[in-house]
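The letters A, B, C and D name the chains in turn, as written, and every chain counts its residues from 1.
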Amino acid sequence: MRSELKRRGRFLALLFVFALVAAACGNGGDETTATTEASTAETTTTTTEASTAETTTTTTEAPKPGEGVKVGMAYDIGGRGDKSFNDSAAAGLDRAVAELGVDATELEPTAGGEDREENLRLLAEDGNDVIFGIGFAFADSIAAAAADFPDTNFAIIDSVVDAPNVASLVFAEHEGSALVGAAAALKTQTNTIGFIGGVAGLGLIEKFQAGYEFGAKQVNPDVEILVQYLTEFPDFAGFNDPAKGKEAALAMYEAGADVVYHAAGGSGAGLFEAAKETSENTGSKVWAIGVDSDQYNTVGEEVREYILTSMLKRVDVAVFSTTENFVLHGQQSGIVVFNLEVDGVGYSTSGGFIDDITDQLEELRLKIISGELEVPSE
Amino acid sequence: MTAKITSLGAGLMERTGRMSSARKYALLFILGLFVLSLVQLIAGTKQLTAPGTWGAALRLTVPIMLAALGGLYSERSGVINIGLEGMMIAGTWFGAWAGWQYGPWAGIAFGLIGGALFGLIHAIATVTFAVDQIVSGVAINILAAGSMRFLSSALYTADTGGGATQSPRIQGFIGTFNVPLVSEWLGALSDRGWFFISDVAGIGAGMTTRVSWFTLLALVLIPATWWLLWRTVWGLRLRSAGENPWAAESLGVPVLRMKYWGVVISGALAGMGGSYLVVVQAGIYREGMTAGRGFIGLGAMIFGNYSPFGLLAGSGIFGYSDALRLRQDSVHAILLLLAIGLMMFGTYSLFKRNYQGSATQGVFAMLFFIWWFTTDDVPGQIVTATPYIVTLLVLTIASQRLRFPAADGVKYRRGEAH
Amino acid sequence: MIKKIGLAIVAPVVAFTFAVGVAVLALLAVGVNPIEAFGLMWDFASTPTSVASIINRSVPLYVAAVAVAIGFQMKLFNIGVEGQYLVAALFAGWVGGSIVLWAPFHVLVVVLVAAGVGALWAGVAGLLKVTRGVNEVVATIMLNFIGFSVIGFFLGNFFSVDSGALNQSTPPLPPSAQIPGLNWIFTLFGFAEPRGTELQGFVIIAILIGIGYHLLVWKTRFGFELRASGMNPGAARMAGVNPKKMILYTMLISGGIAGMVGLSTMLGKLHAFTQDFPRGLGFAGIAVALLGRNNAIGMALGALLFGFMERSALILDLNDIPKEVVQIIQGVVVLSVVIAYEVVARIVKNREIKTASDATQASTAGPQEVTA
Amino acid sequence: MNERQRVVELVDITKTFPGVLANDNAHLSVGLAEIHAVVGENGAGKSTLVKILYGMQTPDSGTVRVKGKDVHFRSPKDAIRSGIGMVHQHFMLADNLTVLENIILGAEPTRGIALDLRGARDKILSLCDQYGMKLDPDVLVEELSIGERQRIEIMKVLYRGATILILDEPTAVLVPQEVDDLFVSLRELQAEGVTIIFISHKLDEVLTISDAITVMRAGRTVASVKPGDITARDLAELMVGSDLPTPDTTVSTVTDVVELRIVGLTSLHTDGRVAIEDITFDIHRGEIVGIAGVEGNGQPQLVDTILGVRDAVAGALHLAGKDISGFDTKMRRDEGIGIIPEDRHRQGLLLDSPLWENAMLGHQSKKPFARGIWVDRTGARDITREIVERFDVRTPGVDVNAVALSGGNQQKLIVGKELILDPSVLIAAHPTRGIDVGAQAAVWEELRQARREGMAILLISADLEELIGLSDTLLVLFDGRIVAKLDPADVTPKTLGSHMTGVAVEEEAL
């Protein structure tokens, strides 16, 4: 009888612990919200300032043009808060809400991402006028959903869907990568730079690599480029395994590289750790280059100073401008390429680490825009 | 007959956790190093024994090793723990949360607690309620993944600098250290490029240079575990619960309590492995960052024949092959390594008059050699799969020699005779 | 008898209530009204579209659960369903997309290839167990990892077609190898047709698999021998059942069924093995098997429950309620169900013994001791 | 008599288990430093008596006196405290722990928080020295022979300070050399003042080693003798009893047709020792061949080998003239060999399955249980109902689980399902073990009936009444071999006892 009670007691204790943990979470969330809100607000304003000089002029009047327009967004795996791709899209959406006054609805997929299409349909049924599918994985889903909801405007990032009510928003990542490649090649002291890809065999990441290598060779034909992928398809862990990202980066720094660029999603966190660790241990500073969003602003403060620049893939611009165009002009379709020319891709200057070479980078940028140089995409 | 076949892999395993056969294994280890330098010489790479490779191997080994060590405590007490992955996930989450709030050492402590919590759930289910141990472990994995995601979405809001799948960066770092003198001395020696000597020095340098204090802590747990399990009353009683709980019961050992200890510690260690990923390597929590290391740890433990030193070797195989794969132009040499390894194994079989086995091993050795000779590259997938294949092979060759705790997985209830 | 059945139902009900209770606590902790959340889930899930979606989700889970359950029947743990179905789907997709055949045969070939490859992949573990005594749990875990590499290797180097998109995939299945949808069923019964979700035709095959499983386990000699070796290996041996053969056969059958897990999605929706082919169904299948207690109907209910929870989670997200709460329910329900079953089984058994020994006290040599 | 001091006295011990009178006013009186043997047939009540002494059972009535004081042990712990230790026949050792670890487990010496291994080793070695036992404390138990394991068990007891040692059939599991070693050890122990009580039915050994013998039969103490005062044959007679049951007087139904012929059958234990050796005999149609023998002499192995569950290393089996040596168990069953297994729970029943499925076990491919690959549910239930009726299985129905039935009814079900399909050969291993008298009579009657109908039956039993009452021919199994073929009609307690206990073999060898 006594052991029975003891058993029961143990179980209750466990429940209690669970409740405590849950409660602790609730509280923790609230506390931190207040303190960090200010800082995020700051970062958003800085980014908008930097990039929207040309486009913002039309949208500052008091009655916002987008009132009553509903915008839906279906994120890819990772969702808001991934400090990368999805967050960039979220930033665009936030800006559209702030500047255009649209209503936003956001959905995130499950960990496996099987419910992409359902999320799209849900948003369509919910009466959204414009629906974004964030990521190439939405291609089939958007094609199917768009056919069933002809009156709804869809937009897909990173892929092409041929339908009258789908806008295909693709990026010239290779062009952006070429610029950070050039930055890396200009900044290197050791004449060795590195590239870390998340998952090999998808084709997507190889595009980043090709541009990076091209840009580097443009400014420094002798530069040695180390390339490492973390996993091979179908092991997607390479986008989510910072531990492996760090080891790959350490190996590159050790092999003499002093600037390393990553296109490895969440594994990139490991690169920044490695940059910090190597710099501190060896006494000579090594650099990391971020990807997708301005990672200088998204990583923890301790590693910020090692982020030379980031290849910006302006998903936020794509999201915002597509929304804006819809608000102003109605239905959008066709392929919209976000390249250097339209500032769809680019590089960040936060931290001021590349102020000394921006002239050269701008020169290269203009050459690419003018078509004088064509960046290979594979 | 077949039972007489012994293998290098099996040779690496401690039969009992006693140190008595240490000399034999040291000999094997040196032989292995020699093969490594030989392969390196022939293949013309430097990575196989580079300090960096071994440093990386060490860091990649530790989380797997901690999970394996966790498995050891549980299975030695007679409870199969397939929930290691889930406990590790809990460790990453709790580690990151506390690391973010209070710094890295708190991260370690909370990772440990988070894992232990799920260990406790496993213990309640399997020990108190006598639920099938594998079933409970599977459920733990589902539960841990789900509740950590829930906690993330509740706690790591965008405002904190995290999200549903990612935590904010933890505060600060855990320091590293170089083993005084030894590190530099070995480092210098390894730069000389002397065959074998520099190679050994390189390995040594890799493992003594810039070692995280957490790594040291984890490594200390290996001999500490050995001491705890084989040299204390508590350890003896824990093992007796996994070997023959009925005998233990008859001698007044509180079997159920020992099992609780084993399983909870198991969770704590797996959680610690998770917090290592966060605190030492990533600086953040990211959903899915354990990437199956809990399962791998389980494999490493069985590979290591349920002994602390054996599981270190098992985890090391995974860590080392990962390290090689993450470093340039070293992967191709693995083919040669496999060829030579199989050749030696074949010779050993020949010596043991196992002609059939020897012939098969010889043929495979030749195939690998031809492959190595005629190509310049190996598909990455094959390298990824190598440690799993090796584990499976070792189990195939040596499973009869593996010494499972006799009552591992057995439902035990007090007072029910065998 | 009625009491026994009653108790058997009590277990999952108690467990599910407990799980929901935990979820309620979690929701309250983050400041959400649980009643509102569950109300939303229920309303949302009862539309025809949701029903079709729930069934589509539950079909692969069900097939995976059956694959696991057949092993469970003889205390054999096939934890490698995950690897088996992915490897099987890859080869089936490749074969299906590479050949041209008359419609029903084409589908049949794809199904057979999938089952065959799944059986082979699981058979490795079975063979290692009977010949070398390798524990099947560890072997199948290792085979899962090896399987992932196999998929990457073959899809990356041999099977993939250049579709222009970034998504690598096997050659698309021609229409002859696709299974048409079943949305007409809804209209047939006077419901609105699901919008945008096609009730996948594979559900019929899944039902057949379920029926086949039930018949195999409960109605055939083989099934009897299977259960007998699971319940009492000693008695089974005396009855002429060869344990090694049973292990091998069971592993092959389990793997064969596992091979078909990915087919509903492949034949009904994706029409190829793609690089974002659904993952994790094998592990979820284990949970469903536990939930349904290896019973053909029970597992179907379990799979539908999981499908329901996953589908209705979408509406939570739309209303800014953390949808991860359903994952907590899933995890807790599985764990508490197994505990509840264990407890109930013990109560039932003891009660059964007691009543029987009461009834026949006069002529017995004492009640039988339970030594399970 | 030069009485030694009485250290153990059990007086008027009575103990009943449901349906069984295990001890009926039994006595045991053991002197200090005496080697005292308790002998008796299977089921004579020896084990119960010593278990009472060890605190594992409490007596219904009677007095236990240790070192002159009345004691009431509630558990072995109490007994250990009084200096009593017991070594069970089935060792309670953890194979993967060392000898030392096994010995000290539960009573570990410590230094700080660490085990005091050196102290423990010293103590064990000094105990070894003192009692003349050889043990290496640092090897794993799994590497040791049975004899060495037994020494560990003894050492475990001595380590805890026992001065009264109970050994339950210590020689049953040992090879002769090990027996000799054990006896040397026992003498040493005795010399050091340890009192030893051991249970045995090997009379030669008893006569060799013991100072005093208590003979038990049917729960009673029938004699307390000194080894010098009695011969092995007399002792065997005391054990078996003077009033052997008279064989059944019904006419012999034995025919000339050999149904099962076994030639030179030999098989091994898993550890490579010989389990049964060169077994050769015939069973005719209508004949019951009884196998007599003390347990542990190869009976289950013989059954397993005939069934094909255990592989034979030599020998052949012919069923109705057909060589079935290469058949697996299933084929042998299908050829018509039925089996009533020794252990209902481990070998005979699916406790959590309904009766009709239990009835199907072993007949799963035969009509009316099966039709093709399908289980014939209706047929199976019908025939199970028939079994229930014909063999008087008391059950609410055929759909209840077997676990719900009493032991006797479970056994009747097993007997019934084996007989109902009229096998040509039936192996009945302890067919009435653990069931009540009514059920016992019913089973016997069924066996007789089957014999009348021409079945060939191999009966293995520890119950002499059953053996002699039913058998047409009696074979005695000793040490894995058939050592005698007797006619139950004129067998005497003396001959049977001496064959069963190996005395006859010894004498022949002399």
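Quick note on the criterion: a contact is a pair of C-beta atoms (placed from the backbone, for glycine too) under 8 Å apart; a residue touches a chain by one contact, two chains touch by 3 or more.
These figures come from a predicted structure and were not determined experimentally.
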Given chain A and chain D, the chains that contact each of them: B, C
From chain B, the most remote chain by mean C-alpha position: D
Inter-chain centre distance, chain B versus chain C - centres from mean C-alpha coordinates, in Å: 31
Cα-centroid distance, chain C relative to chain D, in whole angstrom: 47
Distance from the mean Cα position of chain C to that of chain A, given in whole angstrom: 36
Multi-chain contact residues (two or more partners), chain D: none
Overlap residues in chain C, where contacts from two or more other chains coincide: 26, 29-30, 148-149, 152, 156, 371-372
Multi-partner residues of chain B (each touching 2 or more other chains): 121, 145, 149, 154, 164, 292, 379-381, 384
Complete list of chain pairs which touch one another: A-B, A-C, B-C, B-D, C-D
Partner chain B, residues of chain D touching it in the complex: 76-77, 92-98, 101-102, 104-108, 110, 113-115, 117, 140, 156
Chain A-facing residues of chain C, complex: 22, 25-26, 29-31, 49, 53, 57, 86, 148-149, 151-152, 155-156, 165-168, 195-197, 270, 275-276, 278-280, 310-311, 313-315, 317-318
Partner chain D, residues of chain B touching it in the complex: 16, 18, 227, 231-234, 236-237, 239-240, 243-244, 246-248, 250-253, 403, 405-406
Chain C contact footprint on chain D (complex, rising order): 17-20, 307, 309, 328-334, 339, 341, 343, 345-353, 357, 360-362, 364-365, 370, 373-375, 377, 394-396, 399-401, 403-410, 434-436, 438-439
Residue ranges of chain B touching chain A (in the complex, touch as defined): 52-53, 55-56, 59-60, 63, 97, 101, 117, 120-121, 124, 128, 145, 149, 151, 154-166, 168-173, 176, 210, 277, 281-284, 286-289, 291-292, 322-323, 326-328, 379-381, 384
